[in-house]
Amino acid sequence: MTLLTLDQVNALDAGAFAAAFAAVYEHSPWVAGQAAALRPFASVTAMAATFAGIVAAAGDDAKLALLMAHPDLAGRAAVRGDLTAHSRLEQASAGLDSLTAEEMAAFTRANADYRLRFGFPFILAVKHWGKAHILAAFRGRLDNSPAAERATALAEVDKIAFSRLLALIEPAPGGRLTTHVLDTARGRPAAGLGIELARLEGGAETVVRQDVTNADGRLDQPLLAGAEMAVGLWRLTFSAGEYFLASGQTLTAPAFLDLVPIRFHIDNPEQHYHVPLLVTPWSYSTYRGS
Amino acid sequence: MTLLTLDQVNALDAGAFAAAFAAVYEHSPWVAGQAAALRPFASVTAMAATFAGIVAAAGDDAKLALLMAHPDLAGRAAVRGDLTAHSRLEQASAGLDSLTAEEMAAFTRANADYRLRFGFPFILAVKHWGKAHILAAFRGRLDNSPAAERATALAEVDKIAFSRLLALIEPAPGGRLTTHVLDTARGRPAAGLGIELARLEGGAETVVRQDVTNADGRLDQPLLAGAEMAVGLWRLTFSAGEYFLASGQTLTAPAFLDLVPIRFHIDNPEQHYHVPLLVTPWSYSTYRGS
Amino acid sequence: MTLLTLDQVNALDAGAFAAAFAAVYEHSPWVAGQAAALRPFASVTAMAATFAGIVAAAGDDAKLALLMAHPDLAGRAAVRGDLTAHSRLEQASAGLDSLTAEEMAAFTRANADYRLRFGFPFILAVKHWGKAHILAAFRGRLDNSPAAERATALAEVDKIAFSRLLALIEPAPGGRLTTHVLDTARGRPAAGLGIELARLEGGAETVVRQDVTNADGRLDQPLLAGAEMAVGLWRLTFSAGEYFLASGQTLTAPAFLDLVPIRFHIDNPEQHYHVPLLVTPWSYSTYRGS
Amino acid sequence: MTLLTLDQVNALDAGAFAAAFAAVYEHSPWVAGQAAALRPFASVTAMAATFAGIVAAAGDDAKLALLMAHPDLAGRAAVRGDLTAHSRLEQASAGLDSLTAEEMAAFTRANADYRLRFGFPFILAVKHWGKAHILAAFRGRLDNSPAAERATALAEVDKIAFSRLLALIEPAPGGRLTTHVLDTARGRPAAGLGIELARLEGGAETVVRQDVTNADGRLDQPLLAGAEMAVGLWRLTFSAGEYFLASGQTLTAPAFLDLVPIRFHIDNPEQHYHVPLLVTPWSYSTYRGS
């Protein structure tokens, strides 16, 4: 599907805008309806924040109605084929459309426990998770206080909305993925170290970039920029073993470390993801920087 | 091949011992010959250290002769099929028996440069490396001073000898692999976190253990112990995403981290490898502990 | 003041127990009153958890009354000299009894803003903080939702109660402070590294222990154990520079690192605090382990 | 003493240059003599590298003579008052001019052991170390092979020379000290965190800068730049406790971390020192970046 540009979004007449984004909040077109007047949006991130702000400013009854408008995960509506188009795709991407009888029983039980405790359906932005993750999230949230859990559920609704907006609108440019490798055994940038970036999707791996660090331990270009910043799972692999051999560091045979893989998700294609590696022949660390 | 036990090694008569380990140092049976009288050995590690001590105590001429006794990597002896059995297997495991013409040219050039500078063949314990690693090691060592490089070459010879001893003798018990997961965002052990251990060998992956951390963030049993401690490449995979969801931590959708893989080599099956993970939803580190 | 032992606490008749701990929850003797029947307690930690559980199980009105029973920090009651003995000491230890006019104005404003938003007084376990910390905490909590903030305030009340119990009862044995130093540049325990432990209190520093790591990078004895585990501020100082020099690692002149100080609080003397150091000549990390 | 500028150094006639830097290598004016023709130098770092290159290219006899030209640390020449001006100051700054009888005995023994093993005096760039460091360095180097130790000794001579050049010439601009604070519990820059920089010298501490991180977790200006980059010991102190309170993170009372001090040396005022902090309420790490 062709994505709208932000310019197009900002230029829509109010009715067309409300229609285009009516389904972003489940069965709750009023959110998009109110957002029309709050344009222009400089980014999908800003647009999603505006939508979320409208929800946050709504009354408790409207919030509860919004939560209640969501279907159970792997619940009756799903079984009946009664989901919204968005929800069907989201649940399918988490594998919820192909549960074993045992798994279905586990979800039915979890949904029931949750509803009994909180009075509204369990909501989770499931698109990039599997069944085990979702059951873990059930466990993690059942002990929350009712007030904390309502806040958590609304935050999930906002994440789902952001994800739905990203399915409709081309992200603002500016997002990028960069890295930096420090040799913390020697206190210097790791120069000449090979890096491979792969996209992991549906069990398949696609190498999208191979590069070598410069004298500052960085790459001359971002690993990803602009439209390349796809939401989802990525893997950076650092050729630490070759680097250590080329730098003459003392190693065992075989060395403790060779290829260092780092798997991470990009959730917001408009942001800067800086994923550095601090490495010695015996240790490493990484973090989301910016 | 059935491995000797350390008890058997310690009980051999001196001549049989010398014969059994004559090939451990390339074309240099005198090392094993002298080692016979230094038994008993409590471990292969101790035995290798004794052999290395004999070499270290030898004169400069004997050391140089030992270095000179080694074949070039992917060199003429290899091409002629003129390698010792040990060397042939070691070079083959690094893929040196199947080089393209271009790769062969690169090795020939590197061997020549190295010999010209240092006067003896390039020696590297190659068994767990590939071609790119070996060429990286050439680069890393060409700038060494002659004295430093001679020391480095002898250290590689000792590593090769240790590897050859491990191919003949059953390791002493006591080696083991353990882990520990700390949730450094919350300052507590990561309890209930799934861990998978896989053996990576020849492009294939074999899952050998799946377990879940206890209340202290550890496993009740070592991941590997005793005879399971195979030299080579392993991968631990930590189910951080499920853990974070179950612990109710605030995440993006998708979360930055989900599965955290750590690839590492075991080089000495008689040692304790402690490979912990310190993790937050946004960062992690690991190191070889003990 | 002589502390009660847990045995004594467990042996008190119910009335004496209720009287002894009536002031643990501010103006709320009912908490101790209900706790008497839930003895024996194996530790102050367990006793505090029981008290907190009684509060958690109380109705919303009782919880709100408990919050309302607290005085403002640096508020009118403090100025009038109208605080409970516990509160007076706690506020004084944070320096709230000696504010400048400007500081007093800042606290008055912050208290008013907070009460206006949440309807109950700002509560914080202040005993080990200074004025700037407390004003930072005001800022950090003003944006909370009312429900989240009520939960936070109750959690602070529980922390204050734990602190008051520790002022009355001798902790259970078992608490201890340990460390471990890993040389992550060389992948081995840092042996022979000097460590100093100092108590920091009221601007003064008292060195309480000096020791040197053993072959495993640990100390043969805990740094602190049992009654030595005083709540408050401590500093470990690791003599990394001497260690690196003695280990022959390549350093600049002067080296990047020499003494590595780590300041930390002990909040619970019944727990195990493991405070390790992972260090190279160019980097280090530490964490609360257990 | 007024420092020369690099422009002045580059403009000196050859004889004046040779005279000005004759003492940079101990009793070895030939080094400066040869360096005159290799100007201009863009930095003291480049100038020192040129001097070191001249030494590296000299014959083995000249190198040994250079090593032999150095006095023992706390040795007979020092006792007799027979040191060069440079050496006297350097040894005094390490406290070697005020040893107890016992310490003097330890140094005399260490010097003798070292000379016996290697045939030349023990050389160490001592200016920023104390006695214990120097004795640690003796221990660390006695086990080196003669060839490795000769290389180490020459490297120390080069470090001493760099330090002597810095005592004579104004550094090139461009050196600076920066920091960056990441909140790795929440995956974002730590904004609004207070930082203090102090100079530690001769037992005294002088606070030279206090600042607060911006939205990116950095400071708007370098902590030090240009002429402020004094070689020696510095301490950064990060107000992590206030930051955590202001960010509403869950803490114990008292929190595990409050002020986080990082002590480090600057050895080269012409370089960029990036000293970041990655911090959670329960852990932190730092490293020399660039």
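Note that the chains are named A, B, C and D in the order they appear, and that numbering of residues resets to 1 at the start of each chain.
Rule of thumb we're sticking to: a contact is a pair of C-beta atoms (placed from the backbone, for glycine too) under 8 Å apart; a residue touches a chain by one contact, two chains touch by 3 or more.
By chain, with names taken from UniProt: A, B, C, D = OHCU decarboxylase.
Because the structure is a prediction, the values reported are computed rather than measured.
Annotation: A-C is the more contact-rich of the chain pairs A-C and A-D, by number of C-beta pairs in contact.
Interface of chain A (OHCU decarboxylase) with chain B (OHCU decarboxylase): the two copies contact each other largely through the same residue positions, with over half of all numbers used appearing on both sides. When chain centres are set by their Cα atoms, the one at the greatest distance from chain A (OHCU decarboxylase) is D.
A straight line joining the Cα centres of chain A (OHCU decarboxylase) and chain D (OHCU decarboxylase) is 45 Å long. Centre-to-centre separation between chain A (OHCU decarboxylase) and chain C (OHCU decarboxylase), using Cα means, comes to 36 Å.
Under the contact definition stated at the top, the residues of chain B (OHCU decarboxylase) that touch 2 or more other chains are 184, 187, 250, 256, 278, 282-283, 285, 287-288.
Note for the complex: chain C (OHCU decarboxylase) touches chain B (OHCU decarboxylase) at residues 182, 184, 187-189, 216, 278, 285, 287-290.
If you check the complex, the residues on chain A (OHCU decarboxylase) that touch chain C (OHCU decarboxylase) are 145, 147-148, 150-151, 184-187, 250, 256, 278, 280-283, 285.
By the touch criterion given at the top, residues 125, 127-129, 132-134, 136-137, 139-141, 143-144, 152, 155-156, 159-160, 162-163, 231-233, 239, 241-243, 245-250, 252-261, 263-265, 267-268, 278, 282-288 of chain C (OHCU decarboxylase) touch chain D (OHCU decarboxylase) in their complex.
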